[in-house]
Amino acid sequence: MTDRSTPTTRFDPDRLAGNFRRVRAVSEALASPLTPEDQGVQSMPDASPTKWHLAQTSWFFETFVLGLGDPGFRPWRAEFATLFNSYYQAVGPMHPRAQRGLISRPGVAEILRYRAWVDEQVLARLERGASIRQLELIELGLHHEQQHQELILTDIKHALAANPCWPRYREPEPCAEPSPAGPLCWVEDPGGLVELGRDLDHPESKFGFDNEGPRHRVWLEPFAIASRPATNHEYLAFMADQGYRRPELWLAEGWDLVRQQGWQAPSYWVSEPVPEQWQQFTLAGLVPVDLEAPVCHLSFYEADAFARWSGARLPSEAEWERTAIDLPVMGNLLPARAAELASASLQPRASLEPNDEASGLTQMFGDVWEWTASPYSAYPGYRPAAGAVGEYNGKFMCNQMVLRGGSCATPADHVRASYRNFFHPPSRWQFTGVRLARG
Amino acid sequence: MTDRSTPTTRFDPDRLAGNFRRVRAVSEALASPLTPEDQGVQSMPDASPTKWHLAQTSWFFETFVLGLGDPGFRPWRAEFATLFNSYYQAVGPMHPRAQRGLISRPGVAEILRYRAWVDEQVLARLERGASIRQLELIELGLHHEQQHQELILTDIKHALAANPCWPRYREPEPCAEPSPAGPLCWVEDPGGLVELGRDLDHPESKFGFDNEGPRHRVWLEPFAIASRPATNHEYLAFMADQGYRRPELWLAEGWDLVRQQGWQAPSYWVSEPVPEQWQQFTLAGLVPVDLEAPVCHLSFYEADAFARWSGARLPSEAEWERTAIDLPVMGNLLPARAAELASASLQPRASLEPNDEASGLTQMFGDVWEWTASPYSAYPGYRPAAGAVGEYNGKFMCNQMVLRGGSCATPADHVRASYRNFFHPPSRWQFTGVRLARG
Amino acid sequence: MTDRSTPTTRFDPDRLAGNFRRVRAVSEALASPLTPEDQGVQSMPDASPTKWHLAQTSWFFETFVLGLGDPGFRPWRAEFATLFNSYYQAVGPMHPRAQRGLISRPGVAEILRYRAWVDEQVLARLERGASIRQLELIELGLHHEQQHQELILTDIKHALAANPCWPRYREPEPCAEPSPAGPLCWVEDPGGLVELGRDLDHPESKFGFDNEGPRHRVWLEPFAIASRPATNHEYLAFMADQGYRRPELWLAEGWDLVRQQGWQAPSYWVSEPVPEQWQQFTLAGLVPVDLEAPVCHLSFYEADAFARWSGARLPSEAEWERTAIDLPVMGNLLPARAAELASASLQPRASLEPNDEASGLTQMFGDVWEWTASPYSAYPGYRPAAGAVGEYNGKFMCNQMVLRGGSCATPADHVRASYRNFFHPPSRWQFTGVRLARG
Amino acid sequence: MTDRSTPTTRFDPDRLAGNFRRVRAVSEALASPLTPEDQGVQSMPDASPTKWHLAQTSWFFETFVLGLGDPGFRPWRAEFATLFNSYYQAVGPMHPRAQRGLISRPGVAEILRYRAWVDEQVLARLERGASIRQLELIELGLHHEQQHQELILTDIKHALAANPCWPRYREPEPCAEPSPAGPLCWVEDPGGLVELGRDLDHPESKFGFDNEGPRHRVWLEPFAIASRPATNHEYLAFMADQGYRRPELWLAEGWDLVRQQGWQAPSYWVSEPVPEQWQQFTLAGLVPVDLEAPVCHLSFYEADAFARWSGARLPSEAEWERTAIDLPVMGNLLPARAAELASASLQPRASLEPNDEASGLTQMFGDVWEWTASPYSAYPGYRPAAGAVGEYNGKFMCNQMVLRGGSCATPADHVRASYRNFFHPPSRWQFTGVRLARG
């Protein structure tokens, strides 16, 4: 990250075309281990079928790039506007979100043809000269598609888990020796008035979502943050100490959920066939819980209760960003090229490799999204992006919590220190974990 | 069907093997126009995915026939017992009914292999000599499979209708001239003490479900029954007379549904894109409502309200059976052989061909199941069949209404005068219509 | 019942005025042990507040009698038409049923003033000469009010049971020696063609609801019916034999309820503070279960499962009526006069007193409503009463089961052999029990 | 209130006894216009019956003060611990919140006796010498009771509104000339590093809830805040401009609610009997909307959409507190003495009286709670109060938004600049409005 990209290179059509080919190929590679039947399943309203992700990301380019300022443009099929509009009220009516799994047609084969057609059109547009606005929207569309790549993995994990036969997305990795987790140390920060967020209007800035800016000042009190995420081993101690039965550890709405849902462990944990011997469902099927790996598939409520039980708390997003701001983005992330996907871990794992030698921090990026104590809201001076794509972020700024750092399912070139992910507090199907803070 | 079959021919293994091959082939032929994605969709808890029907009917033979008295028998895959048990509590745990659409694996290809394997095993059993109990259960399994054949059609119709693109199960028939409906005449019956139902224990009796018997006496007052089902034309008159807005025409629970669901027409009727010009969704896509055809996809409540508006009533099942008992089973039914399926109508249509010259009755069999005024309950002296298959009928004898006569989706050799179908009063996704009665 | 009343005496204004005063006084006497707060509670949509019953029964006279053919009539308060219309769609809009407990005003005091005003007006009308139609409607209104008297008791029982302090409607009776139950004998009937139901159009007939007629013929096979209702002792044997855990004993919808609701015993049974030692909540508070008394507060599903477990079945309503038709109406019923209410049992109890010496039948009337195997539907030739009061019965003829014989909360002069009560199969808050049948 | 109280005066037993008598009397005075039936109604799970508020606030003193360190203490009735525990998990089991309206006993009379008994005991304790902890808890209990005083008014308003007869809590005020609203001006603030929140551990500090502290630094960018709340007149312009039909103005979850609930105006607005002529339901019944008064009974979503439509935004709670910190607490609040309640407005109204001459700010306190853009969460260094009363605030810090400034139903000596109220974004039954901000 030493040389800052210039606007020229950022919007260089050739480079953009290369990125376009690379990112689009990853989506299809992620879907390729799945059968057409797999790709149609929607296991809950929050998740979507694989093929819907493949189509929706293409519809994004078709609608916002190809259709831009071209009254003669004819879409692949007009009905797709209804089927694959995710939430852009400004664009028109939408098929109900909870009923995406009922749409058997178009099938996977047609959707792949649709993708190929969109690819061809976009590349042709790049070749014959696109406007700056189109270049911007292509770049935005690629970042958008990378978000859906993560969802392809988390959503199919949820769908396969609904099957009592525990089917696999892919075969397990050959048994490598699992790493041990390092000791948990506290990294101190003196706080003070810090600058955070991104100056997105700066002509030399790289891509960022509108919610990452503007750059603004925040006063921080002194704090300490854990050198690594909490492990399954540590979380089992919380469970053994009756963590799921002690209301005083929980937010009121979390405690209600614990009782209603009968939560007793992180999501995807299974204590069958042998009771008391925990297994977890992964994209490679059912495997024993790895005690050294970061605990994962926690709701915000569980992360918060665990922190309280630990005598600590969750970091604020400002504390997290302050800590991460100068660290290199590296870790257990999803490879950014289709050819490298076979080496993806697709599951959090322990690591001793520091993000930064001095502080000893590890795993700030990758493995698990880290719940913060910060509700998702606008930075001072926030302005949504113009046009329909302005519905991308701002309208969700309510009742969600910010997560930071990316997970083992996040494309490696997608996440950064200023990146703000957000989910509702009860959500558990993302790769979500916890890093403690104090002070 | 003139000579009564003897037990010898009824359970002749060669004849049974022939029927087995024929019936099994129809199920696969019905699924063949559908993509793997189509075959996995479940659009409501009452409906099931096509491939689930294909598998469940095979599991029936595997469990009740192949496993019978053979402790060494090893099923295709043990997990299928959970996935494809529909409701046999005696057999073991079941995958939740409403989540059948989440099971992407086994896929269609594996289910077809499973079917082939079951077929092979059953035919081998027949060849090397099966017990009478096994022969009985094979026969039962074939009638069971024919019920699922009807459901394959009604369930996929419901699933395709959830898609705003109105996809087709098959291409429309070449435009034949639609028949006109005959005049509605009243066929009088003097009533009296009649014998109805089937004597299933008689050694010479043909197959019947346990709920069709025993034979018993019923006193009937004089009555009259309509010579044909009510037509779309007649039903439109009810609609035009504010039928859906007049509570006095409705049972209380029906009226509540009308308001909650906003019912304004039979199910699958669509008044778009041109308002006031009714189309209906069929297995061949969206077509204009055929005014002469029997009205279809009515709930019991609509049938009952229409009858009340007509100054008539629904027939009791005893009146219906008394009327049908000596009529030949013929009409717009589903062909019983795979090779003939192409000629199936798959939609009710007008017909002037009488079931019986003397009375002038038409369409007593086929086109639409006819709602009766009779709640589904046990005949005097009813005893459920022995074993787990005894859960087939008796345990549903509550809160459902009897329908008679079969529909355009009922296999032609499956229905008979004594046949009792049953659905909950709000159900609309079957091919259900109404024949009026008086007196 | 030896002398048949003539129309003259049936509609004698003086006699009607006497009945009017008597019946109206009972309602108020039933409410008198309750506080204003008690009288406002609605503990579920199926139940209503006491004061609502007091008002609704008055609104019935006001609307159907006082308003009849008198365009100048001004009701007490126009808003009451919305508040106290129970289900007469023909009359106008209704306050939502489930929200009756939210109406704090009018309060009890105003409702008692309203009752007094209606009483005065009706008696004045009788005195100065009412039309035959008005006399008929007054008679109907009194039978209607007696139905609400039973509901006042069952609804307040349900409401008080929602209070963890188990408050009492009244003090327990001084401890009389509880009667023993007689032995269970089977009373045989040869069946045949019988006449049942009421000829309501006959000029000499006494009052009956429209659903009790017309008189019609029914063919009955030979059957036997139990000499008394099943006891708590017998039901405990069903429970001890895992009755609530064996799906093969249950109708499918009943079994679903057992699991969803966690049913393990009849409603109002409590096994606290001492586990395994059953108490039951009564209108006199929590008392030990009386083993000899008829089992009570069963749903239809429980009655049906118990009968199946017993190797018996429920009687049809025709069998029940055939058995009861010549028996005197006597038993543990609600006294028909306010002055005698103090002697009411308000709880089923054992009795050796036969309804008929010859057969040895006991408790055909009173104690518990007896679930029959008959779905509630129209007799052949049924016609609803004319006008809005025709909504009284017919529109509920779906998804409900018939009960016969009255309970300890039914006014003694309200029930008769032809009387058809009806509730949904899951209902448990009425005094409902079971008498077995066979054959 | 000019001289700062010292710990000595803050916990002076005589002064506390005086406050105790005063505050307790207000609760009873607020209930006194209501009938016993009124006081029992619960119209939604979020609201509680009046008598429950009267009892719960007494149970608070009984449990936390009288029971403190006195093992021999015997409560009035042991069952009250279940009935009147609102949410203190540490204390024991609770009656389900949504079923408070089913508890007819204890009635109002007994609850008033219970209150008198608790009062006597607490005052006796104060007289014979209470520990510092008890004094603290008495003070906390009085602030707690004042919160319930506001809820008594908002909850009964909601309950009375469920009655189609629109009953009144009290008679309307004699028609005073309504004030005009002042012009909307923008009060500028340069921002910077400011200190906010309360230092609750300081020995000289006055009472504050644990969530108001600790004192901490916040960096504020320059901002401007409106001189007064938005008026009904201004909100009608938003409505007229299709505010409820334009998704681009709304947060996504707000827009879903608008459609599901059919919102077209603030809560309690009624456009009957004359369409298009808005009335609003108040504690004095139905009255025309006062165009000059602050708009009220908005959800957070409506406040936020209105702000976006206005080209402005909601203030953060830090901006609000910064603005209010030096202003005197005065405005249209609930009088703090029973004798003065008759003069309460109980409805927001326009006012020209500035909180501060220099800035021209009006109505910072009273009239309507002002929704802020800040999710309710912990200040840096927040620690919940010790013991069960620590469940008071912290466990609700999720999915709620902060409101500031108090309303016409907030006791005048209860609110202050640092006071943080919080409700879920959909809530509309509190007196909630909006003050705009910019920058």
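Odds and ends about this structure:
The chains carry the letters A, B, C and D, assigned in the order they are written, with residues numbered from 1 in each.
The criterion applied here is as follows: contacts are C-beta pairs under 8 Å (C-beta built on N, C-alpha and C of every residue); 3 or more make two chains touch, one makes a residue touch a chain.
None of these values were measured; they are calculated from a predicted model.
The minimum number of touch steps separating chain B from chain D is 2. Set against the Cα centre of chain B, the chain with the most distant centre is D. Put simply, the C-alpha centre of chain A and that of chain D have 39 angstrom between them.
Centroids of chain C and chain D (each the mean of its C-alpha atoms) stand 47 Å apart.
Chain geometry summary: the mean Cα position of chain A and that of chain C are 60 Å apart. For chain C, residues touching at least two other chains: there are none. You'll find the chains touch as A-B, A-D, B-C, C-D.
Contact residues of chain B toward chain A in the complex are 35-41, 43, 51, 79, 82-83, 95, 99, 101-105, 107-108, 159-160, 162-165, 167. Only residues 87, 89-90, 193, 216-219, 221, 247-248, 250-255, 300-301, 373-375, 377-378, 380-381, 391, 395-399, 425 of chain C touch chain B when the two sit together in their complex.
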